[in-house]
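Each chain gets a letter, A, B, C and D, in the order it is written, and its residues are counted from 1.
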Amino acid sequence: MKHTYRLIFDCPDQIGIVTKVGDFLSQHGGWICDARHHSDTDSNRFFSRIVVNADSLPFDVETLREKFTPLAEALKMNWRIVDSAVPKRVILMASKGSHCLSDLFDRLRYQEFNCEIAGVISNHDDMRGISEFYGYRYHHVPIEKDNKGKGFAEVERLVDELQADTIVLARYMQIVPPALCDKYQYQIINIHHSFLPSFIGAKPYHQAHQRGVKLIGATCHYVTQQLDEGPIIEQGIQRINHEHTVDDLVRLGRDVEKTVLAKGLRAHLEDRVMVHGNSTVVFS
Amino acid sequence: MKHTYRLIFDCPDQIGIVTKVGDFLSQHGGWICDARHHSDTDSNRFFSRIVVNADSLPFDVETLREKFTPLAEALKMNWRIVDSAVPKRVILMASKGSHCLSDLFDRLRYQEFNCEIAGVISNHDDMRGISEFYGYRYHHVPIEKDNKGKGFAEVERLVDELQADTIVLARYMQIVPPALCDKYQYQIINIHHSFLPSFIGAKPYHQAHQRGVKLIGATCHYVTQQLDEGPIIEQGIQRINHEHTVDDLVRLGRDVEKTVLAKGLRAHLEDRVMVHGNSTVVFS
Amino acid sequence: MKHTYRLIFDCPDQIGIVTKVGDFLSQHGGWICDARHHSDTDSNRFFSRIVVNADSLPFDVETLREKFTPLAEALKMNWRIVDSAVPKRVILMASKGSHCLSDLFDRLRYQEFNCEIAGVISNHDDMRGISEFYGYRYHHVPIEKDNKGKGFAEVERLVDELQADTIVLARYMQIVPPALCDKYQYQIINIHHSFLPSFIGAKPYHQAHQRGVKLIGATCHYVTQQLDEGPIIEQGIQRINHEHTVDDLVRLGRDVEKTVLAKGLRAHLEDRVMVHGNSTVVFS
Amino acid sequence: MKHTYRLIFDCPDQIGIVTKVGDFLSQHGGWICDARHHSDTDSNRFFSRIVVNADSLPFDVETLREKFTPLAEALKMNWRIVDSAVPKRVILMASKGSHCLSDLFDRLRYQEFNCEIAGVISNHDDMRGISEFYGYRYHHVPIEKDNKGKGFAEVERLVDELQADTIVLARYMQIVPPALCDKYQYQIINIHHSFLPSFIGAKPYHQAHQRGVKLIGATCHYVTQQLDEGPIIEQGIQRINHEHTVDDLVRLGRDVEKTVLAKGLRAHLEDRVMVHGNSTVVFS
C-alpha cells in the first residue's frame, strides 16, 4: 500500500475551499492521489477527504499538521490528518457466534483492512481457539448479569492498555455502557441484525418473522448511548419468503451481517466515514 | 393463456391432504399443471394452490365447486376455486403522481396481468388524459378535507357499480376509511413508499433522509384498518448515499414503488397470495 | 435546477491539476458546487468533472471557454464546457415495444432528465399514439429489409434537421450503420437485453434460457461499429429460476431494460459519463 | 434435523403422476412434509422432489426403494430415494486461497450443511493449518505441471478411499481431467469467478476489467468435460465502478464467490438440484 496522508475535514461551506487546500498542498509539492467532497445544502456544511502521496511532501506528518493548522483555523474546520503508515489499532469483541469473527479473520489474512488487531475480547471463552489460531490474543472478560459494570471496567482497562482506537462489536450481544460509548465516540462499530430503524432491540429476526417482511437486513453503525440509533455506516438486505422459519432468517442473516460489518469497518479504517448529525457521509 | 381452474385453500395440516385432493381431481380426469404447498409448522396449518387444466375436466367450474365441497368440508378448508377465464375486475386509484399508473398501463398493454380494468378513480383530475388515452374510464371523485365520508361514499358506490373486486391504491395518498377496508378485506392493495415497518405514515422519504439510512424501499401490502400495518405482499429496495437529497430519494423511490406494486398486483391477480394472520404466503 | 457550467476533461495525470483548475476558477470568483475526479493508474490519465455555479462567474459560457483554453492546452486536455441551461436535444428511436419509451415519457413528465426531446423516430407506426399523447413529434421511417440505407439516410436527415445531439435506441431493434455510429460517436445510447458480454446479438433471452443462467440482465452502452461491444454505461440484473420460460424472461427483462436505460441516459445527459478506451468513467 | 426420505425423480409428463406417488405413500401412512414439482413444457418432462417423514413409514429406506420400484418403472422415472440420516461425504479441494474454505468451515460449525467432510485435498500445503484447526484431515497432493495425471490419480484414489460422493472445488484452480469429471458426474461442484457465460477460462477479473463491465459475478456449477460450461446451480453479482482496479475486483469477487458456492453446495446436499440437459432445476 502506498504511503499517504489523509486529510479529513468538514467546515462551513464557502467559495474556494478546495482551491485553498489545493494551493497549500501544491506549494509544498503535495501530490493529491484522491479527493472526495460533499456539500450538504441543508446545513451548508462542506465535507472533504483528500489523500496526498506522503513521499511528495518534503516533511513528516507532524510538520504537515503544524503547517496546515492556520488554514484549518481560518476555514473553521473540524479536521484531522491521518498517516496511512500508522494503522488503527482494533479490538474485536465477540460473544458465542463465530460468523463475523471468522469472516474478519479471513479478510485480515487477505490484508483487506489497514489495521492492527490489538486483541479479541469476549464475555465467553468459545472464540479463543479460532482467535489464537489466527495469532490474536484473546481476553475472556465475563459480564455478570447483576454486575455488568465490573466486566466493562475490565474491558475499558484492556482497551486502554492495548492502545486501541477502534472497537468492533462483532455480534457482541451486550449493551455497551453510556460512559464507554461517549469515551470512544464514533470509534465503536456495531453490526445490528436488522434493517434499522426496523426491529430495534432484541430478537430482530423474530420480530421480522412476526411482521411477515419479505426482506431482512443488517446495519453497521456507530454505537451511541441510544441503543441501535447511532449513525448508520452501511446496510444490506437479503430476500426471504414464507417458507423461511426464524432459524432460516438467523442463518440467512449471518451472510448479510458479516458482509455489511466488513464493508462498514473497511470504510471506517480508511477514514472514509464522516459523521454529520446522526447521519454519515461515506466516501466510496 | 391456458384456461385453468385455481384451487386455493388452507386447512389444518394432516397426513394425505394433497393425495386426497389429487385423487378427487384424477378421478374426474383433472390434469394438474401446477401445485404449490406450504406447511406452517408454528400454526400447523397447510396452504395450497393447485392449478388444473380446465379442458381436462368433464364439467364446468360450478360443478367442480359443488363436487369439491364435501372434501373441502371434511378437511375443514378455507377454500375457493377461481376460473382463469373470469379475470378479476380492478379499480385503479391514483392521485397526482403518474409513475405507478403509467407503469401499470404499459404492463396492461403487454398483457402482463390477467384482469380487466373496471375504471380509474382519482381525487384529482390530473390522470384523466393518460387514463383515457389507454381507453380506461376515469372518475374524478374529490375528497374534501372536512367531509371525506362524502367522497368515499361515492368511491364505494362506483366500486359496486363497476363490479370491481380488487382495488389498487397506486399512490392514492388518502387513508381509506375502516368500513371500506373491511368490506374489501384482502382486496385492496397499497404501495407504501418505505421499507415497512420502517417509516410508517407520512413523508417516509423525509424520515429516511433524517435517519440517514443507506437503503430506501417500498412495500406492497393489503390495506387494513391499521395504517401501513396490513399483510405485506412484496418489498423492494434501492441503495442510496449521502449525496442524495430528499428529492433524489423521491425520484429513486419511484422506480422501486412501481416495480414492487406491479409484482404484488400480479401475484394477487394470479391468486398466488394467501393471507395467514398478518403475514402472507406468496407462491412463486 | 440551478444554472451551472460543467467542465469535463481528461488529460495526462500530473501534480496540481485540480489546484490549477481551481485557481483559474476562483480568480474569477467561480463557486464549485461539485467536483469528481478519477486517476487511472494503468494509463496514467486523469478524469474530472467540475460543476461551477454559473451566477458566480462574471461572464458567459463563451468567455469562460475562451479564458480556459490556455490552461486546457497547457495540460493537454481533452475537454468541454457544457452550459446546463442548454439542454441536450434527444431523438428517441423505437420499434414496436413500448416499455422503454413509456417509461422515458413518464420520467420526462417528472422532469427527471435535463433535455429536450427533438422527436421520436420509429420504423413502425405503433408508438405514434403514445408519443403524440405526450406531445412529441413522431416520425415513421420504415427500414426496408433489402434497402436499409434508404431508411437510415432519412433518419440521418431528420437527426440533422431536428438538431439532435443524442440518439437513444429505446429497443430500436435495427443495427445502426457504421457511418452513423461514427458520426455520432458516444452520442448514441443503446439498451441491450443481456448482461454483456454474455449473449451478444439476437435473441439474448433465448440464449440465456438455453444456457440455464440464474440471472438475466440488461446493458446500456454507447453504440459503436462493433455490435454490442461499445463502452458500457450501466448494467442491471434480475434473478430468474427454472420455472421461467423464455416469455417470462422477456417480461422480467423489460423491467431491467427500462430502468438501466433510464439510469444510463440520465448519466449521459448530466455529462457524468466519460469514455476511456472501451470503458467508461461514470461519476455518481 | 427431522429424519426424512427424499424422493427425487424426473419422468415423461402425464396426468396423475403426483397423485399416483401420493397414493403409494399414503397407503403406507407416509407423511409428505414437502413437495416441489416442475413441468418443463419444452421437453414435456416432469421433475419432482417429495420429502417424507421417515417415522411415518412402517419400514426402512431399502424396503421403501423396493416397494417404490414398480411405480417408478411404470412411470419411466429417473429416480432416487435419499435417506437424510445418511449425510453425503464431501471432499473439499482448495489451492492457496482461503476465503471459500474458511467460509465453508464456519458454516459447518453452524451446521448449515447436512454432510460429513471426508477430508480436504490441496495441491499446496497452505490450508493445512486452518483445516486441521477445524478437525478435518488434510491431504497435500501436488499437481506437477508436466505430469498432472500422477497427482489426479492420487486424488481419485483418495476420493475412493474416503468414500466421498461429492467433491467441492473451493477455488481449486486446476482443471479436473475428463475421466474424473465423468466418474463423478453432477457430483463435482465448482465456483467460477465470473458471471458465466461471460469470461470463461483464466483471469476472469482481468477480462471483466478490460471489458469495462459494471457488475462482476460468480457462478456455482457442476463440472463437466467442457471447461466452465457445466450446468449452473447458482449465480450472484456485485456492483463495481471505474474506480475499482483488478485487485479490487478480486477482493470484491471473493464475497460473491464464497456466498454463491455455499448456496449452491447447500442446494446440492439437500438434493434440491436436478440436472436437465445442460440446465438445472433448483427447488427452493
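By definition in this document, a residue touches a chain if its C-beta (ideal position, glycine included) is under 8 Å from a C-beta of that chain, and two chains touch if they have at least 3 such contacts.
It should be emphasised that the depicted structure is a prediction, and the values quoted were computed from it without experimental measurement.
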{"item": "Labels of chains that are neighbours to chain A and to chain D", "value": "B, C"}
{"item": "Furthest chain, CA centroid comparison against chain C", "value": "D"}
{"item": "Result of counting contacting C-beta pairs for A-C and A-B, higher pair", "value": "A-B"}
{"item": "Gap in Å, rounded to a whole number, between the CA centres of chain C and chain A", "value": "37"}
{"item": "For chain A paired with chain B, centre-to-centre distance based on mean C-alpha positions, whole Å", "value": "41"}
{"item": "Of all residues in chain A, the ones touching two or more other chains", "value": "241, 243, 284"}
{"item": "Chain D to chain A touching residues, read off their complex", "value": "98-99, 102-103, 105-106, 109-110, 112, 129-130, 133, 241, 243, 251, 254-255, 259, 262, 284"}
{"item": "Residue ranges of chain A touching chain B (in the complex, touch as defined)", "value": "38, 40-41, 195-199, 211-215, 217, 231-237, 241-243, 245, 276-282, 284"}
{"item": "Residue numbers on chain D that touch chain B, as the complex places them", "value": "15-16, 18-19, 22-23, 25-26, 29-35, 37, 39, 56, 284"}
